[in-house]
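Next, two complexes with subunit A in common: one pairs it with subunit B, the other with subunit C.
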Partner chain A sequence: MSATLLQSLEQAYAQLPPAAMQAGRLGEARRASLAAALADGLPGARAERWRHTSLRALERRAFSPLPATATVDPAVLAAIPAPRIVFVNGVFAPQLSQLKDLPEGVSLQPLSQALQQGDVREVEFLARRFDAADETFARLNAAFALDGLLLRVAAGVHCTQPVALVMLGAAAGGDHAVHLRHCVELGEDARLTFCEYQLAASPQAHLLNSFAHLHLRRGARLDHVRVQGEDAGATVMTRSDAVLGSEADYRRTDLELGAGLSRHELNVSLFGQHARVAAAGVLLADGRRHLDTRLNIDHVARDTACDLTWRGLGADRGRVVFHGGILIRAGADGTAAQLSNKNLLLSANAEIDTQPVLEIHADEVQAAHGATVGQLDDTALFYLRSRGLPESVARTLLTRAFCRVVLDGIADAGVRERTDGLLDARLPQVAA
Partner chain B sequence: MLKIENLHVRVAGKEILKGLNLTVKPGEVHAIMGPNGAGKSTLGNVLAGREGYEITAGTVDFGDKDLLQLEPEERAAEGLFLAFQYPVEIPGVNNTYFLKAALNAQRKYRGESELDSMQFLKLVREKLRVLHISDELLHRAVNAGFSGGEKKRNEIFQMALLEPRLAILDETDSGLDIDALKMVAEGVNHMRSADRAFIVITHYQRLLDYIVPDQVHVLAEGRIVESGDKTLALKLEEHGYAWIEQRRLPEHSAV
Partner chain C sequence: MATERNDIENALNRRYEAGFVTDIETEYLPPGLSEDVIRQLSAKKNEPQWMTDWRLKAYRHWLTMPVPEWAKLRIGPIDFQAISYYAAPKARPKSLDDVDPKLLETYDKLGVPLHERAKLAGVAVDAVFDSVSVGTTFRKELAEAGVIFCSMSEAIREHAELVQQYLGSVVPVGDNYFAALNSAVFSDGSFVFIPKGVRCPMELSTYFRINAMNTGQFERTLIVAEDASYVSYLEGCTAPQRDENQLHAAVVELVALADAQIKYSTVQNWYPGDENGVGGIYNFVTKRGDCRGARSKISWTQVETGSAITWKYPSCVLRGDDSTGEFYSVALTHHAQQADTGTKMIHIGRNTKSKIISKGISAGRGQNSYRGLVKVEKSAEGARNYTQCDSLLIGKKCGAHTFPYIEVKHPRAIVEHEATTSKISDDQLFYCRSRGLGEEDAVSMIVDGFCKQVFKELPMEFAVEAKKLLEVSLEGAVG
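This part shows the complex of A and B:
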């Protein structure tokens, strides 16, 4: 409670524009969320879900209150085609966004616009309360977020163009706390490819607190790629909550390539029968980066499936923390759950903690999990070098091969190529 | 081209090569035979620059270079090629991509221009045609899921593509049926030329029916104990390695 971070945010709250702080249920929810965050403080070393990720350094930092405007070179976005919605330091940037020419049945708008229009039903998800004492960032997000993406695909609509969400961090004279709240909804049998980028437009040490709700109705399919390539000074807290209806098919790929500290909580609720999620990711911790990814896959309905494939790379003094939690509830019979987490230690000073946790309360369940930590294969390295490849190139090639399986899961060829490119650009720095 | 003098090598504290001498001139094919555990594969690995081998004495000159001072990739670019006894499976690395990167890395080292995709593909097709290898192998990951024969074919294909000055074949014949064996031999024979040399390491004489060597050496207990022309291989086949042991014993007792 006495933490500098929370004090600075409490002051910031008082300075929020009154119009943004609605009366009624939403305003009430914001105030309650802030009060809860201040009362419980940041999760400490005893909080089980934060055991491997210390917030002590973050807690002592103060962040400037108001969203900071900054100019951004549009070249940063050159590789991200329209349609796209761009936020710079948490503020919707219409000049960088391209929201037009969307197919019929696809609606894309900034949350700030919906709030101004005052249609409470559109933004009902903002009223959600977070009960657990360690959900500090979700509570802060609930208190502060005034912008984000609202993306809806109507029933039966197949959106063939990938839609991009870009969160840019830009230097703005001081460190800023940025809270964004997103909502993606797919109607029955709708299809969408959605790309989410958390990138640095310039060096800074902001705190990005990004929370996305994803809702797939019966038979919907969402292909979701998220790339976190923030500045090494930045702190990124990401939460993704997905709810899947019957026969919904959710496929996502996460690349954690940047930030000094990045924590991602991916919560997927397999709520309808035959719903399935395939989630894959690469965690690339070099320098002094600390990357923490926590999966909570909740099998509620019967005959649901999850397939989780994560690869960790630890180089320099980097640290990878991976928690693969799978809960199969009573009644979720016929569930198939698969988790593979393989890690490469590329330096003696890097650290990797991996923890697969399966909790099964149902019958007739197929569940398999495996976690390994190893090093590059010396024999393979020698084989490549004996054909003339310099050691650094050979190491990069083997490291890329190690991550290959994750990227192969991206269905859209263009998106896969761009995502490949982002990883390829980083690997030589890590492996060589 | 290659001059090995008094080479002593230890592996995990145990001396494997104990004063090996060998001179190979351009255009020659040398066969190295010997019983298991004689140090045949150690020789191939040391020449290619594999880690884990401690060289305690001796020199190896390759052209005008001190071979032992070079990194494995530098040895490759200088024109040395080792066909592995057990080619390594590398899932996730495409064969074509790997070979193009390897060839261009070598060309870059030698100050030659790198090949673009079209030039590389043309070269690949030419080599495949000569070796009667299907291009299906190119689209797969390096050796991943290959049969024993396919792996050895891939080694010979790599050799043909990289065009080394000195190729060392480490028991390339092991585990091959007669057709695959002939294919390997054809590949080698096709590449024989006045400025290229081969060292063929083998346990059996069979391969030498198809690759006729200029010289045959017997490696036993870390040294070359007998050298001769191709008839030496036939004698070995007839009498077995024990015959060499018996011939050596008097010399040993004399020392």
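This part shows the complex of A and C:
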């Protein structure tokens, strides 16, 4: 059934360097994942979790999964301070990365390096299997990913410098499928600010398949900012799986500003008592962009909390798809869950599909969600116009205010300023 | 405290009050489903050829359809061959006076004002007993107003043109698995036609009852309101207490032309099964209203307290400009009951408005899901939707779920959805208890307040019944 995408990957699998594929004795897991992906194919329109995102166009394209070198102007990275680890088309770029001068207790290395050293414990997350038939991209990632970031913060260490992960897409003669697998681990009471960038160094139409595992042990706090600013031709599949121990505090902000098709799955398991997650994001779909964000917050333990705030902007022929799933398991009493998803529909051809979902199996809970789709307030616009602001400026200002609440959640002032700048640069095109 | 425990014990052991069997001679078709069965069924009802063909077409389509599995329900496999698709009291009534007195007694026990009581209550009733309609009251008064209110079988014979024009125009034959099955084997139901400009002089009502064993009930209701007419329609349902699951797969179609208003209210009290989840009705219903004309309005109000499984999404297609759709629902699940219910509001016309108020109550091991779709098409300029769905949890083992879908394609549409889930707050309970209310009374009062927004939409006599039903259904839920 599903033709070219999977065929092209299947053919390319054999050409991958066997030494790297077998490292850490992971060959079996890789082959099984590829076989499962090929057997089930890409999820179709009847797959509930892909109901609003069609993969038919992607399915017909062929990609080369072989590493492609490309030269990148370091100016792209000027605004991203060290320490940072950079991957260009999925390949670790030592000349662009700055891994030195890390505080004691913080270890940062590319996955490819750990694979060469063959330390199985370091890369055991690569052996994970994905059972659901629609987890095609996770399976492909499990089969193909040879690089990524490994970041560990030892117990009790407070890393004050934000650590940056940069995935750059660059033109390299043909379309490439890039698979990256990351793992971030925080020991007990460790603290870290982590910035993840998916950016374009030059126009291209690659497929980026990025999968991050995040582990927060007891009392750890992770501030995580992700900016997806890929080229309009690119396809980005991102998955973030976080597991939180007791009293862990995970704060995350996602800005979806680029790519032609971008799908982000954020799975958070609140595994320890009093764990909490505060996640927020902006989905900015202009041009012909299709942005799909899917949250699955799983309250496993007692007294856990989630606070989710997402804002969507649909302009031109853009489409915003949002699914906010909150599951409260039996026994997870004392849970507080809160989700707000507000959307602005700014043009006649844009579309917004939102689905906030609550699944509750415990009774001592407070859960609420709200979703709205609407327009800028005419009265507010009129007020600003009457104060002498041109319409385009007034619209931009109101749109910025609409997204404000998301950026306010970023604790680190430097990171907030940079993220703010990235969003501000895009808003006038959308709002005006 | 001791007496209170006794009260609770008593309440726990209280039986489903409508759970009696009426012992009257019944004519069955043998269990099983095939084209022959459908032809026999159609012949028994003296149907014209076009109707038989319509049924067969639906049946052939049904055979090609997979059983839907998307609802959050645990449903045992249904053996469609073990069900009898036709059961009717043997003595065919010529008029209401000929109706078997035992049957009337049954409706008496249920509190249906079928005969004299109907006059007092001013409600015209069409009562469906198993598969056939046994009597329709107030025919003459309605006829004077030009209103047609009769059983579907009669409508097929006497008003074939109207039926042919509208039947299946809102819920097409192949709409979904259970609707297709219903189209093939529907036994009876009500037909209502309100001509242009007529305000129906009284509330119309249908009472459904499944009596015979191993039967399914597949009623089909069609209500057509012509320009600037108004009708309020009430529907109630009960079934005897039995250990096996019985199937009820109904289809209701509403058509509202320009400026017409249809108000459709349901109090569903099918047998819910016992506290261990044995027996009970599988209630798989397709209800859809089509606001075809400008400024038309369709309003669904439902109180769902019965059935082992409820699978029901009364919907509105808002085609006419400035048309309005409303959905008010209280769904209660107790013991092992499961409900997956909600609505669809499809905005097509300009300035269409819809409002959804859904209240779910889960107790015992009940599972209650709200599933709704609000869709604003590109043509629906100025569309407006407001959705509120609240869930109340009573007990540790129950579940409450919310699955709303919002799809908006017009930039001048405003859609709002909000949902909350919580248990009855200890503060509220404590306050009521400190004022001298027993725990059951306190809970019942809080639940009543929780459902108020929906109950106030019900016609008065139904609101009283709904409130009572809720109290009875919730007995034993606390403590």
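Just so it is clear, the second predicted complex is superposed on the first by the 426 of 432 C-alpha atoms of A that agree within 3 Å, B and C clash if a C-alpha of one lies under 4 Å from a C-alpha of the other, contacts with A are read in each partner's own complex, and residues count from 1 in each chain.
By our rule, contacts are C-beta pairs under 8 Å (C-beta built on N, C-alpha and C of every residue); 3 or more make two chains touch, one makes a residue touch a chain.
Only a predicted model underlies this, so the values are computations on that prediction, with no experimental measurement involved.
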| task | Determine, for the superposed arrangement built on subunit A, whether subunit B and subunit C clash or fit. | result | fit
| Which of the two partners, first being subunit B and second being subunit C, lies in contact with A:Ala371: first, second, both, or neither? | second
| query | With the two structures laid over each other on chain A, which partner does A:Asp119 touch: subunit B (first), subunit C (second), both, or neither? | reply | neither
| Dominant contact partner of subunit A by residue count, subunit C or subunit B | C
| request: With the two complexes superposed on chain A, say which partner A:Leu398 touches: subunit B (first), subunit C (second), both, or neither. | output: first
| Given the touch rule stated above, what does A:Glu28 touch, subunit B (first), subunit C (second), both, or neither? | neither
| query | Now for A:Pro390: first (subunit B), second (subunit C), both, or neither, which partner does it touch? | reply | first
| task | Please work out whether A:Thr379 is in contact with subunit B alone, subunit C alone, both, or neither, and reply first, second, both or neither. | result | first
| Upon superposition of the two complexes, what minimum C-alpha distance (Å) separates subunit B from subunit C? | 15
| request: Spell out the residues on subunit A that touch subunit B in their complex, using ranges where they run on. | output: 377-380, 382-391, 393-394, 397-398, 400-402, 404-405
| note | Note: in the complex, subunit A contacts subunit C through residues 48, 52, 314, 330, 343, 345-348, 350-375
| message | Quick check: in the complex, which residue numbers of subunit C touch subunit A? | response | 70, 72, 376, 378, 391, 393-423
| subunit B residues touching subunit A - in the complex, by the definition given at the top | 48-51, 71-73, 75-77, 81-82, 84, 87-88, 90-93, 98-99, 101-103, 105-106, 109, 141, 158, 162
